[in-house]
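Note that subunit A is present in both complexes that follow, paired respectively with subunit B and with subunit C.
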Partner chain A sequence: MRTSHKVLTALVPLAALLAACGHNTQDAQGAKNSTAAFDPATCQGGTLRVLNQGDLTHYDPARLYTSGGGKIPTLLFRTLTTRNRVPGPDSTKVVPDLATDVGTPSDDAKTWTYHLKDGLKFEDGTPITSADIKYGIERSFAPELPGGAPYLRDWLKDAQNYGGPYKDGELSSIETPDDKTIIFKLRKPEGEFPYLATATQFAPVPKAKDTGVDYEKHPISSGPYKVESFDQSKHLVLVRNDNWSRQIDDQRLACPDRIEVTAGLDPAVVNQRLATGAGDDANAATTDVNLGPAELARLGSDPQLAAHVAHTHFGDTTYLAFNPKVKPFDDIKVREAISYAVNRQTVINAVGGSQLADPATTFLPDQAVFGYQPYDHFPAGPTGDPAKAKELLAQAGYPNGLTITLTHSTAQSGHGPGVATAIQDALKQAGITVNLEPLDPDSFDAKVNTPATEPGLSIDGWGADWPSGNPFLAPIFDGRQIIKSGGNFNLAQYDNPEVNDEIDAINKLTDPAAAAKRWGALDEKIGKEALTVPLYHSKDLLLFGKNVKNAWVSDWNGLYDLSVMSVK
Partner chain B sequence: MTRYLLRRIVETLAVLLLLSACVYAVFYVLPGDPARLICGKICLPDQLTAIHQKLGLDQPLWEQYLHFLQGLVAGRDYSSGPSVNHCPAPCLGYSFQTDQPVTGLLLDRLPVSLSLTLGAAVLWLVIGVGTGLVSGLRPGSLADRALTAVALAGTATPVFVLGLVLLLVFCVYLAWLPFPGYVPLTEDPVAWAQNLLLPWLTLALTTAVVYSRLTRTTLLEILAEDHIRTLRAYGVPERRIIGRHALRGTLTPIITLFGLHVGTVLGSTVLTESLFGLPGLGKLLIDAVNTIDVPVVVGATLLSGFAIVVGNTLADLLYHFADPRVHLT
Partner chain C sequence: MRHYRVGLAIVAALVLIALTAPLLTALEGQDATGFHPELVNSALGGLPNGALGGISADHWLGVEPGTGRDIFARIVYGAQVSLGVAIGATVVQVLIGTTVGLAAGMGGRLADGLLTRGIDLMMALPELIFAIALLVIVPAGFPRPLLLAGVIGVFGWGGTARLVRAQTLSLRTRDYVAAARLAGAGRVRVARREILPGVVAPVLTYAALLLPGNIVSEAGLSFLGIGVRPPTPSWGQMLSNASVWFRSDPMYVIIPAAAIFLAVLAFTLLGDGVRKAANPRTTGAAS
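Moving on, here comes the complex of A and B:
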């Protein structure tokens, strides 16, 4: 009883985390099988069911923290730009959604201008104007509606102390010269603004219908579906929005007539139901439940099951974080020794084996869109190089080994006790005695993410908000993003003017390919300082029901896209 | 009787007040910041401060608790952004995480928990007392030994395992029942019962053994007592001895246990709830604890505490009727 309970409590924050981040790669076999009979022209009809473990909290565009517009939110909220809805590497591209293009930069990418498409309407038939988009963004600043990503507050001019429209009126750095035009004035050059404009904060909200915290009970849809009923933590039922059509939206197919989301289910039950596919469950999918050990074991021998699994690859990295302000981690030799000593194979076994994780030697995830450039500065092989580690320790003045403390979260997630023990065992081979400091997830965050209390060595993970190097590297290595009061992710407390300048320079680029190259080079360069030990990039496997078609996985967020799936 | 009830009510209020103060104190001491969880993955210091202010977490603990008590008596006002929402007395506050009034959340979850608990309670009472009587009347028989073994196996199996096995058997292999979800009784009574059948069984089978063992031992004890021997000596028919005299005595400890049990189970069926996807009080409480949602934790704890006290009081009353020698003072 006690064990099950522990797993349960650990899964809840994990689900929340997964909801906030995105994921990547696709299942060749699954995609082939399900797209074979799929025709967008005749895919309409039926009810798609979504079986999820996470709760349905805050379906308010101001409060959602999504990647590329989210999974379920994207059915309700159209944004200025969105992720490209095609399978394969092109799915990481930004495409226009409500706007006619992905944005026109001017003034060194400090000003971004968008024009709205013709014929856009809310679910009640009123036309969508640029003022509705401006208002949607403004209300995301209200303290009553927290939860969204902080980029807008950081990027927009004069927005740092803006308290939202309820208190402070309008935000002057967003201009709407006419009903179709919206102009954003930024504090500094931001070449990746089109990526940010995929977030739900860029969805239009009609001011007349804004009920503040109660807006989420029935958010006004601009997408293919609208809310029929919403019973928080239990059910969300979406039906067609008659004021939406494929003529005004070239991204969403909106095949099912109805989408019913059931939340708060046990993960084991979700997988069992999807694998069995009895009755309505054949028309079901999940957006947040990974395959469990039982299904993973069956995968190799059960082609039926394998055909209905989407292999996804979330752009994330789990790593050991050094705090060089704490001895002995101020010595790069010690950090290098630990980099050589880790055994990535036992770490990966601890998180479920090679089906669920790939070894990592770079901080950037191993996908081209992040700017991934392969490097392995401290080649330890799959099982570590304790001899080399001992040699480096001797050079650092620890010929007889040393004793260190590793802080980790007790959550049964990929950063939990399993990984900590694997690291402890591997480092022992190199003469390093590791004392573990397990902390419950809240205490872990409070201690590790506050520079004053941050321990010398901890296990952490990072996922990107959009598929690019910026949201992956800047929060971790930009010296100006060290947040003293807590919520700091620059765990190395690394402040290198050269790196900061390079980040600024790349942010001026508006060509994603050119930017990606430089992010990759920057990652390779920072990697030499051994500020982190990348451990693994996680992979996810998700089941979908037997009748579900067109369930390919987007490389943007690594999840199949409900807006293009069909049950017919 | 009236005096007894009045005293119980005053006692109940005192217990609940103490309980709410304890929960507040516990969460104040525990690490973790609910505002941090609300704020999103990356949170700027100013945003955090704004959320602290909004939730009233910038005030000292005693002041927060005072506001809570004030809300109970007089209600409270909350800013929804463009307007102000009034939470009428007795106001348990607003959830930090979902921005819903706690009273609404509890009332939303209560029918689920009541359906689950009361249905399961009837089952475990019938199964437990039934098997206990069979065993007790024929101690040492094959039926006694078989039932004892089955009952012990039921308790020894964790809720999670038993529930999953039942799901696999009835929903996957036999496909006799749909995968359970919650359907309100008022909407479709048949679907309600159908969906709750497996959760009821799971909960009942893991609980029934206590009743079975208690019934068996008490019955055996009573059957060995002097007054039964006297009745037997007078030639009173065995059926009458058992039905009139032995059973009545057996009931008293069961009533006490049952009253306590139902109240306790109401707020603590989180495993059954999660497994079968039933959004009940237990799941609400555990989710709230995980997200440091203090108002919801306080509300759910108070409701669970209230249920236990009420269960106890009812048990005392029933006790009095089952055994008139017991006086209510």
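Moving on, here comes the complex of A and C:
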């Protein structure tokens, strides 16, 4: 998913779309600090407060765009599968949630079968059946309920023009032979279907309680908490769901009795309140406010505060995107010259320094789960190689340098004016004059993601919908995913039959380790064409209140997990 | 009278600084847009190395956190933008305000009524919101300082127009104006030859007092991120970037804030002096 996109605010901090890489040592320390006095058996009680910057938008499982079930949504909605709730690298694994296993593939991974666990109930005590899950997925196709990830429409058979249950009745490619079994028929092999089944669209919705667009006012919970009150965009109060118990859910601990979410706060205010921890704020956490560069300077001198910081990963890459359809970027020598000229040190400083970002030379984030295979085809060192860039420009027919335009978003995010001016300064050393074209975020998306209007060079970011190579590489480099009408992410407009075939071949694999290897090799191969200049993989630092325990970070989404944290 | 001299001295110094910015930065040996990653600590979020935000013999006012750009160079180049935009905006305000005010004062009952309501409407507009809307829709290629001066000017001429209209109404009943009319002078001629010289003094006074307000407007718009575009520096934009650093690098906040404070103070003192000089017997009537 495009990381500058607002959908992501549901998953990770927007200012913070800075994640990645192998910091297991930091994680281990973070885990030790926060789990020291933690015992799941006695963790229950108290009120956990969540202080967030992003607005609470739609709490309808059909409308949420989440990774691994989301942070807050996962407290309400159980899904067929979910992310594994353990610290460390294993947190990128898929585990069963409502289902008994992560799914049984057949027919070359074109059919996936799930069986439900026993004793599952909604908050009103009615049993959860496979028909409720089928209905929940069908609703997400309704045009009234937009917002979810696009994969279901692409993957499910006969779903491309399906308009949801209100208009078009049932979807034939989901079968429910009995109350416990659900079978998905796909139109192409998708070995990563179990990852997709973690999305909230796979949460059960009782047809009898469905009130359409009003359902989000009181969605029927299948998780450990239910909605007590929901004041859109400001407050969400969750209380215990008595029909949930740890016997039927081995993933969520649900320690606090009550969870109160306050949204729309200023990020500086959130960090200040968490750092001070006065009164109720000692029991507070955030799911979307990263520490900023100015606060990092404080951490060094305040070890007590540093103990309440979670170091997180979220696989993402910020990069320069070339559109080779626009001159002079049709010439690979020009693209290589720019690859050599970038100064990753100044770029990283612009987004908060070495604690918030690592230099990137690969498109895949530097975590094994994505299939990361290190390569550096155009070694520029940390500060760039302007001499080599000049040499390549001369070969390309620009011995006196050239003038180009760099399009960027005006949002004060990781792809904003700060990065743009750093690139401008670095390219100047190589004789390239960069004119900046700043656009407000909506205009930026509209212009850059429509192939007909796409500029030659822009700053973009990409984060994964789930920890694997597919959602990272396919939307960017699969020629069949060039979307002419807008919403295109294949910014190089790259259509190479060999690459397309390899993507199809990897999608047939159902073993994540085997697939990861092939994704890494594919990334290394595409990297030689200099279609992008990877700039950095970001990292997040998140504060939590001083009474909060068990705040370890998941490698899946780069955040600590509210469903296992305790304030007691 | 003393204050006015202080104001004049500071204004003269600021204008000189703005005009000689390239010279001054050359003297310091720095430039306003060059990055210096070696002068900041990347692991501490880009905090400048050394005390007081990295103030040193090479960087007289320290360096910017994150980028390591020279703050002295950015302040003196920022003076060009801040003063240039403020003066340009004041010129626009005076030109439009005087024209509309004269026309209203000299026009018939209908023209006066319409123009006066127009002035009221202009003054009732939430200036900032319209300025933001306008600044966002104008294409990126348009020269930013020119646009800023235009936008601040176009939304801020109401006061000048009212002043000129009132002055015109009082002047047109004077004997010398009546004499000119009896001699056969047309309205336009009367406005230009008889009335205009009489409104120059109060308008100049008013303009001197508008200037500091316009400096603040430019700083405000740049603070909101819709002023001049990076890498061009402006004081408001520097203050905006600095606001999150107030705890860890206070100098970064103090320097642009002091520059804005000094400019506003100096222009206000100067404007006060002009007002007293133009109308020594009254205090506080001109505006």
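By our rule, the second predicted complex is superposed on the first by the 538 of 568 C-alpha atoms of A that agree within 3 Å, B and C clash if a C-alpha of one lies under 4 Å from a C-alpha of the other, contacts with A are read in each partner's own complex, and residues count from 1 in each chain.
The rule is simple: a residue touches a chain if its C-beta (ideal position, glycine included) is under 8 Å from a C-beta of that chain, and two chains touch if they have at least 3 such contacts.
What you see is a predicted model, and the numbers here were worked out from it, not measured in a lab.
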Should the superposition on subunit A be reported as showing a clash between subunit B and subunit C, or a fit? fit
A:I348 contacts which: subunit B (first), subunit C (second), both, neither? second
For A:R298, using the defined touch cut-off, is the partner it touches subunit B, subunit C, both, or neither? Pick first, second, both or neither. second
Vertex subunit A; arms to subunit B and subunit C (CA centroids, nearest 10 degrees): 40
Looking at subunit A, does subunit B or subunit C touch a larger number of its residues? B
Touch check for A:T410: first (subunit B), second (subunit C), both, or neither? second
Regarding the shared-chain residue A:Y375, is it in contact with subunit B (first), subunit C (second), both, or neither? neither
Could you look at A:S485 and tell me whether it touches subunit B, subunit C, both or neither (first, second, both, neither)? first
Tell me the contact category for A:F230 with respect to subunit B and subunit C: first, second, both or neither. neither
Looking at A:T57 after the superposition, I want to know if it touches subunit B, subunit C, both of them or none. Which is it: first, second, both, neither? first
Going by the contact rule set out at the top, does A:D440 touch subunit B (first), subunit C (second), both, or neither? both
Determine, under the contact definition given at the top, whether A:A268 touches first (subunit B), second (subunit C), both, or neither. both
For the superposed model, what is the least distance in angstrom between any CA atom of subunit B and any CA atom of subunit C? 7
Do any residues of subunit A touch both subunit B and subunit C, and if so, which are they? 268, 440
Give the list of subunit C residues in touch with subunit A in this complex. 33-35, 37, 40-47, 65-68, 136, 140, 225, 229-231, 244-245, 247-249
So in the complex, the part of subunit A that touches subunit B is made up of which residues? 1, 4-5, 8-9, 12-13, 16-17, 20-21, 55, 57-58, 65, 139, 142-150, 153-154, 160-161, 163-164, 166, 210-214, 232-234, 262, 264-266, 268-269, 272-273, 276, 278-279, 281, 440, 442-443, 445-446, 465, 475, 483-487, 489
Contacts from subunit B onto subunit A in the complex sit at residues 31-33, 36-48, 50-51, 53-54, 79-83, 85, 97-100, 158-160, 164, 167-168, 171-172, 175, 178-179, 181-182, 270-271, 274-277, 279, 283-284, 286-287, 289-292
Considering the complex alone, what residue numbers of subunit A touch subunit C? 268, 292-298, 300, 343, 345-346, 348-350, 352-356, 383, 410, 412, 417-418, 420-422, 424-426, 436-440
